[in-house]
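All chains are identified by letter, namely A, B, C, D, E, F, G and H, in their written order; residue positions are counted from 1 within each chain.
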Amino acid sequence: MASYVKDLVEGIKTGKISEEEAELLIRKAPFVDIGFAKVDMHRAVRQGAPEVIYGAGKTPKQIRAIVDTMMERGQEHILVTRIDEERAAALEDLVEFKYYPEGKIGVVGDMPEPDGLGTVLVVTAGTSDIPVAEEAAVTAEALGNHVERAYDCGVAGLHRTLSHMDQIMKASVIIAIAGMEGALASVIGGLADCPVIAVPTSVGYGASFEGLTALLAMMNSCASGVTVVNIDNGFGAGYSASMINHMAPKEDKE
Amino acid sequence: MASYVKDLVEGIKTGKISEEEAELLIRKAPFVDIGFAKVDMHRAVRQGAPEVIYGAGKTPKQIRAIVDTMMERGQEHILVTRIDEERAAALEDLVEFKYYPEGKIGVVGDMPEPDGLGTVLVVTAGTSDIPVAEEAAVTAEALGNHVERAYDCGVAGLHRTLSHMDQIMKASVIIAIAGMEGALASVIGGLADCPVIAVPTSVGYGASFEGLTALLAMMNSCASGVTVVNIDNGFGAGYSASMINHMAPKEDKE
Amino acid sequence: MASYVKDLVEGIKTGKISEEEAELLIRKAPFVDIGFAKVDMHRAVRQGAPEVIYGAGKTPKQIRAIVDTMMERGQEHILVTRIDEERAAALEDLVEFKYYPEGKIGVVGDMPEPDGLGTVLVVTAGTSDIPVAEEAAVTAEALGNHVERAYDCGVAGLHRTLSHMDQIMKASVIIAIAGMEGALASVIGGLADCPVIAVPTSVGYGASFEGLTALLAMMNSCASGVTVVNIDNGFGAGYSASMINHMAPKEDKE
Amino acid sequence: MASYVKDLVEGIKTGKISEEEAELLIRKAPFVDIGFAKVDMHRAVRQGAPEVIYGAGKTPKQIRAIVDTMMERGQEHILVTRIDEERAAALEDLVEFKYYPEGKIGVVGDMPEPDGLGTVLVVTAGTSDIPVAEEAAVTAEALGNHVERAYDCGVAGLHRTLSHMDQIMKASVIIAIAGMEGALASVIGGLADCPVIAVPTSVGYGASFEGLTALLAMMNSCASGVTVVNIDNGFGAGYSASMINHMAPKEDKE
Amino acid sequence: MASYVKDLVEGIKTGKISEEEAELLIRKAPFVDIGFAKVDMHRAVRQGAPEVIYGAGKTPKQIRAIVDTMMERGQEHILVTRIDEERAAALEDLVEFKYYPEGKIGVVGDMPEPDGLGTVLVVTAGTSDIPVAEEAAVTAEALGNHVERAYDCGVAGLHRTLSHMDQIMKASVIIAIAGMEGALASVIGGLADCPVIAVPTSVGYGASFEGLTALLAMMNSCASGVTVVNIDNGFGAGYSASMINHMAPKEDKE
Amino acid sequence: MASYVKDLVEGIKTGKISEEEAELLIRKAPFVDIGFAKVDMHRAVRQGAPEVIYGAGKTPKQIRAIVDTMMERGQEHILVTRIDEERAAALEDLVEFKYYPEGKIGVVGDMPEPDGLGTVLVVTAGTSDIPVAEEAAVTAEALGNHVERAYDCGVAGLHRTLSHMDQIMKASVIIAIAGMEGALASVIGGLADCPVIAVPTSVGYGASFEGLTALLAMMNSCASGVTVVNIDNGFGAGYSASMINHMAPKEDKE
Amino acid sequence: MASYVKDLVEGIKTGKISEEEAELLIRKAPFVDIGFAKVDMHRAVRQGAPEVIYGAGKTPKQIRAIVDTMMERGQEHILVTRIDEERAAALEDLVEFKYYPEGKIGVVGDMPEPDGLGTVLVVTAGTSDIPVAEEAAVTAEALGNHVERAYDCGVAGLHRTLSHMDQIMKASVIIAIAGMEGALASVIGGLADCPVIAVPTSVGYGASFEGLTALLAMMNSCASGVTVVNIDNGFGAGYSASMINHMAPKEDKE
Amino acid sequence: MASYVKDLVEGIKTGKISEEEAELLIRKAPFVDIGFAKVDMHRAVRQGAPEVIYGAGKTPKQIRAIVDTMMERGQEHILVTRIDEERAAALEDLVEFKYYPEGKIGVVGDMPEPDGLGTVLVVTAGTSDIPVAEEAAVTAEALGNHVERAYDCGVAGLHRTLSHMDQIMKASVIIAIAGMEGALASVIGGLADCPVIAVPTSVGYGASFEGLTALLAMMNSCASGVTVVNIDNGFGAGYSASMINHMAPKEDKE
């Protein structure tokens, strides 16, 4: 915003901007500021961060149009989530588009080099949780994180969980993904000494109530350091994990 | 019932019972039969099984009256559940009454010698689950089981759970008691090779919804061999555990 | 695990395994141990226990691949649950594969001889509950139990329930399956003197809420000895019933 | 209303009522009519029907004031529901007031002679359901019904239910009252050949959710002829039962 | 049952039935009795009552088979509910089969002459509730009731409700059917002086939660004389209404 | 009603109406009055108000028939809601029919000139909320309001919300439409100084529970001046907004 | 804000405000603006509008302190909601404080002269809803509205509702308050031709679920023109009603 | 664990440990390892981290006993949560105990010097949320974080939120605390470029359902970077925030 406000102040002083215009611009400026401040600052920290398109409910045409507009504006990295194969086909001719069908997610542009503090570990309880896990993993990769995957580690077969003990201890952030009773979050949360983001999934039947049981169980985890995102929200978990994995000392900005 | 029906048949044949009476008795007999059959059979298997009084909502006077009536009828072992200290006082003068305040449960008569197949292990996630656990444990003991207790073994501190590995492996039946997210049931269920009865408790706050979250989580346990009883139902778990721990070959009874 | 740990101890003693290797192996071993321990121990009790494949959400190809792998490893008995006819077709050429379409369940290998303590009785309230019942019944049979079926015994036609009185009295374990109001569990639980595993089903409409009403009702059963599994979880009920029906005295293993 | 409308018609015809007055009266009359019509008609069928005061949330003074007003207006039978002992004391000096503490219900005036088609049978699953049952029973008695009580007939002890078989078969209307899993309604509904009004109660704990489970179970009863009223609504059940027990041929009234 | 028990007593006396057989028969007899008692008694009251087949979840073939069996046994009136046009086609060649597509209900045999106390009035709030209403109406007609229909009488257009005032006042039983907020039951319940059976329907969207809102609202109706059945349960309402409309003085049967 | 009651009074006076008929007519009169009162008055206030047809669940034929009947009766403005393109086709040949596919809503007749107090502003949180918004906007337009649209203003990008600050401050009524967490209503409610009608939408996934979360959140808005309608109820919001935007001084009508 | 921004622009031009200060002020200004804009504008429309203090959870001391501060700042009208008698006592010595115990609400300063478009009618279903009604009524009065009250008009006694027909037809805004099944909102909504604000109350028992049933029912009202506020939120309803009752033509403000 | 395993290997090699003992020890070893690994590591990273005692449900005596034991073991920093004033009194004589009554939390030992990456900002929507906020803030302080507080910033008064814009932009982690509709999380989440931990509170009434509405709303936040903890779980939020604020590059530990 710096230059925008500077120009505004300059314009008022020199008279290029009339008093009426000045009033209007002052009223509007900070809102613009708020909007762009976040993006700018974000950019300041890590160049090349992608824009994100939430694909659910958008037609292939609409997605293509948004991507085209973004690319015309110079955006080279675009993350498209909740996009099935049919709609992904609308972007196929983009040489730089890579589609990951398991996570129903795609990326325009090269994957960035990982520049985080450490590893983001994505753990799932079962194999049916993998689509959510892949959404999380590809999101984190697209945001510049080294990602490791440990799938099918449900606590009902505790040796499966514990066989990933080394990865759990070495991770900087862990995304714990489980449906049904969601117990994975508590066990991982107790083992790890890093932030754990729990993702309930809609995997299960009967009294799993499409993920509600896992969500409630994860909210009640008695392990410290566990926070929770929405059911099946792999993207949100990947995004938060990336934020945490890119933490850095923060100076006052005034 | 055997002798009752035999007498009836005999009475019809000899004419001691009129046809009208016969019709009536035949219509009523099996209902009586059903009622006593269960108790009898039960008795046949293990002598000395106690009667059970559910104390909740009963006045001290009422409880005393029921106990007195039972004792007059010759019942020497009586289990009284959900009885607080104040109401327990009404039974204090019975020399053979022993009250266990933690589980709000008391027993008239000596505890029987354990005669089950093995050990009933009562495990809790936290210390706040102990009242439910004691209701379960004393119930099982009063029904003739050797009981071991392993409290405060919540999976968020997995080493606490695993430090009881030996007991878990050696138990014949395990009662897994937990509030909050109820993950204990899944972990125990995965480790043990015996039936696990899960008891959700109303321990927790916020989204634990007085035990509903634990109940739903336990219903969704992906570990095989886990079944669930009502929230805080320590008695039910102890009773079922005892039944399982007293399993024996069963012949046809015809 | 026995031989694995023995070899490890032997290797350390003889020096075949270096100290560094030893440390690593010891850290990892028990996890393996836990996993296999359960299976082994289980095996020790009853030879020929099948592996189980949960078919829901798996492609015909995936199921076939898992079965093939298991068979190559020498597994002769495999239970495949939640597998519809289309996916079952992928296993058709296996001479030893038998598919039970009502329960959407199939078995690789011969059914074992029943070796349990007694009979597992599978009771349903209505005819619509039969698919869940067949999943439970075939599971129990595949795990070595003599199974009897008593279908359409809903308590609203009490004579239908009571006409199976003999079977109820003679059973070692009963699986009570009902949708709608789930009252069957309470009535059976009151009549029987053996453990009763209640299975709520999603049968019903309106305020049955896909089985939630039956689940809640069964949790509240005032009959002692009743425990509950997830909605439509026939497999879980069959598995637990088999565990209970194979109870045996248990020595300390130290 | 008959006379009111007759007077009105008469007044118009004779000119005693002006056209303006007539218009106004006609617009207002039927509202009065509706209100009294119902009572009148009801009265036509059975003389001596009481007014009803719902005591919950009313002060002793308010209840007394309403009773006094009613009595001044000549009402000789008044039913006061949801009135605890303390508030009942405010009516003690009325010689004709009889208080039934178990049902927290009281009646001003003599109980009417039963004039219904048959017996209203009030059945409960447990002893804790008795307060609701007494509210229902006294309501029905105060409305002119012969009432029989059969308490503590829960289906988990089926012989207790069936020992009342004769009463069940002979009743004209049955009120089935149960908390917890509410199975009583289904069993009674299946046995009886008369209308059954099911009353869920808030008796229970844990997953009984203050009567919600019983309510949902009763709504799902697979027995035909069962309808349901609100949790703990003994009065409503008694009122409906009385209506049904006083059914009579109905002529067109035109 | 009379003759069955008589034969039994006779057989015992004459020795035609051995003691062993006698014991078995006595144990079983009353259950048979219970079952048939209800039907018999029912029959005693009104000849020609139809059997009912609940068509949901049954194949065309199964329905046909059941109908054929019933007809072979001499049953001339059969009510088939929840049967869509496709499955109804399986019964088309039966000359006496009449299908009512709106209520997805059909009847084998002639509709009986109405023999009830008065009229069953079926009222709906909207036109979308008509399928449930028709299920109720045809059921009541098939059970021997004179039925009137008053559709689209929702209270948000109170004049539409009130325009049926005459029918409401003259009815013997009213079935009030509504989705959304279910307010119809309260208004009708307040206007009528006869029993009202409320049927919530799954009509609505958003916060109607498939009928749950209407169900809860109807349970809370402050109008006396209203009882409720399950969501969309037109059959149940019609059945109960018929029972009430056929009330008659009841003698002791001993 | 005036003439109806006058005729009635006249008829009674002259004897043209018998006393019996008079009684019946007097009972019915006021209800007749009520019904037409509202419609008449409504018309009296603003000529040209359209009739509304709720299209959901109606066949193309039924909709066409209703429209034809209305047009024959002289109705020139008809609003048809919840009508998809297929059913809209049934009205295509009407020259004056205009279909708005985004809102699944159509209008017969010209849009009226706006005659409200000011502007109705329709704001949405996201683009997926637009269908509901268009239903609201077209409804308001068809009822004679100047409507402005501000879409995709979700508070998670607060600058997007605030960039419409001018419109928010100038609006007479605001319709705030949001799914997921529904926070838009609170922010708009806090910024605006006019009535805000909040519409929760079923947009979202997981714990949005088809709009329930947005509904509950909006009910709890701590901003004064916010009221709420049903999930996805764009029509209701548009209708209420129009009512408010047409507020005028109201004289007593007596 | 006008003068604030003018001063700012002036200051920048004249150099009284440095560029750095200017930047900061511009970033902050509009937020301040937004805050005060609303209040100012509000004030511009109607002088004397009171500040509101939500008393729930505040100590008598805290309430007194806030009132004192406001009065020192010159605020002469203050509305204090959710304040019980004990806490009201803390304000007793203020000569201009008037407390309304039924609505647990009090007002500092004189009630303003009504200056709205017409009458705000507050209707309740029962007498238990009066506290909520009084909160709504006093709020509306304190905000400058003529208020009429019509209590105990529940639709189960429809004549009670309809006896207020005149008031309903003449009102400018109606607040419809009901617990239990909340049907009042639909009936009033259908009768009135003005905006109706529905307030569910926590009055009821059993399946009223502390107002949830009434809330859901009101959301589903099929009457157009009905919007809903939170359970027991009399203040919110009164505030919205006042806003609507003070609607006026709105010019662009630029 | 290093030395434990080394000793074990050594013992096996030297024969000091028998083969039987070796087997048992190898099975147990890794679990022992797991338990201590976390605590050790934690300590390794930041010296002086406090032990935490969850005070809820513990007697003053129990809390004192635990504190005494910990202090004897040399623990100098102890955080005691959910401890009311009465129970805090039991620790009063400890010179180093400081109690924070607003957050019902106390600390034994000096507060550590902040050593995090930046500031933890604790924001609340209202003043009633402050107890939860103080639990979070004191927790974070006790774990070595610089904490700033911004209370009463609810989005319904957006200027209040935005007046803290600078703090929001400069924070390293934000804890957003709100009851009722929980919209604060979405707005803060959209403004901030750092991780936001949302804490729903049980503040509210009616449809806030003790925090469930806020919880669901926060789960659905459309702002990226927001994760959620349990209702009223200030401690959990403070703990997670501290973890994130102490993120550091992580090397492989092998």
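Going forward, contacts are C-beta pairs under 8 Å (C-beta built on N, C-alpha and C of every residue); 3 or more make two chains touch, one makes a residue touch a chain.
Remember, predicted model here, so these are calculated numbers, not experimental data.
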{"item": "Fewest hops from chain B to chain E - one hop per pair of touching chains", "value": "1"}
{"item": "Of A-H and D-G, whichever chain pair has more C-beta contact pairs", "value": "A-H"}
{"item": "Fitted rotation between chain G and its twin chain H in degrees, CA, nearest 5", "value": "90"}
{"item": "Interface composition of copies chain F and chain H: same or different, split at half", "value": "same"}
{"item": "Where chain D and chain H are represented by their mean Cα positions, the distance between them in whole Å", "value": "56"}
{"item": "For chain B paired with chain H, centre-to-centre distance based on mean C-alpha positions, whole Å", "value": "39"}
{"item": "Distance between chain centroids, defined by C-alpha means - chain F, chain G (Å)", "value": "24"}
{"item": "Residues within chain C bordering two or more other chains", "value": "28, 31, 33-34, 157-158, 165, 190-191, 206-208, 212, 215, 219-220, 224, 230-231, 254"}
{"item": "Contact pairs between chains, per stated definition", "value": "A-B, A-C, A-F, A-G, A-H, B-C, B-D, B-E, B-H, C-D, C-E, C-H, D-E, D-F, D-G, E-F, E-G, F-G, F-H, G-H"}
{"item": "Residues of chain A that touch chain B when the two form their complex", "value": "125-126, 154-158, 180-183, 185-187, 189-191, 204, 206-209, 212-214, 216-224"}
{"item": "Parts of chain D lying in touch with chain F, wherever the complex brings them together", "value": "5-6, 8-9, 12-13, 15, 19, 22-23, 26-31, 33, 254"}
{"item": "Residues of chain E defined as touching chain F within the complex", "value": "127-128, 157-160, 162-163, 165-166, 203, 205-208"}
{"item": "Touching residues (chain side chain G, partner chain H) in the complex", "value": "27-28, 31-36, 56-57, 200, 202, 210-212, 215, 230-233"}
{"item": "Touch list for chain F against partner chain G, complex", "value": "30, 34, 37-38, 41-42, 45, 52, 117-119, 162, 165-166, 169-172, 190-195, 197, 215, 219-220, 224-231, 235-236, 239-240, 243-245, 247-250, 252-254"}
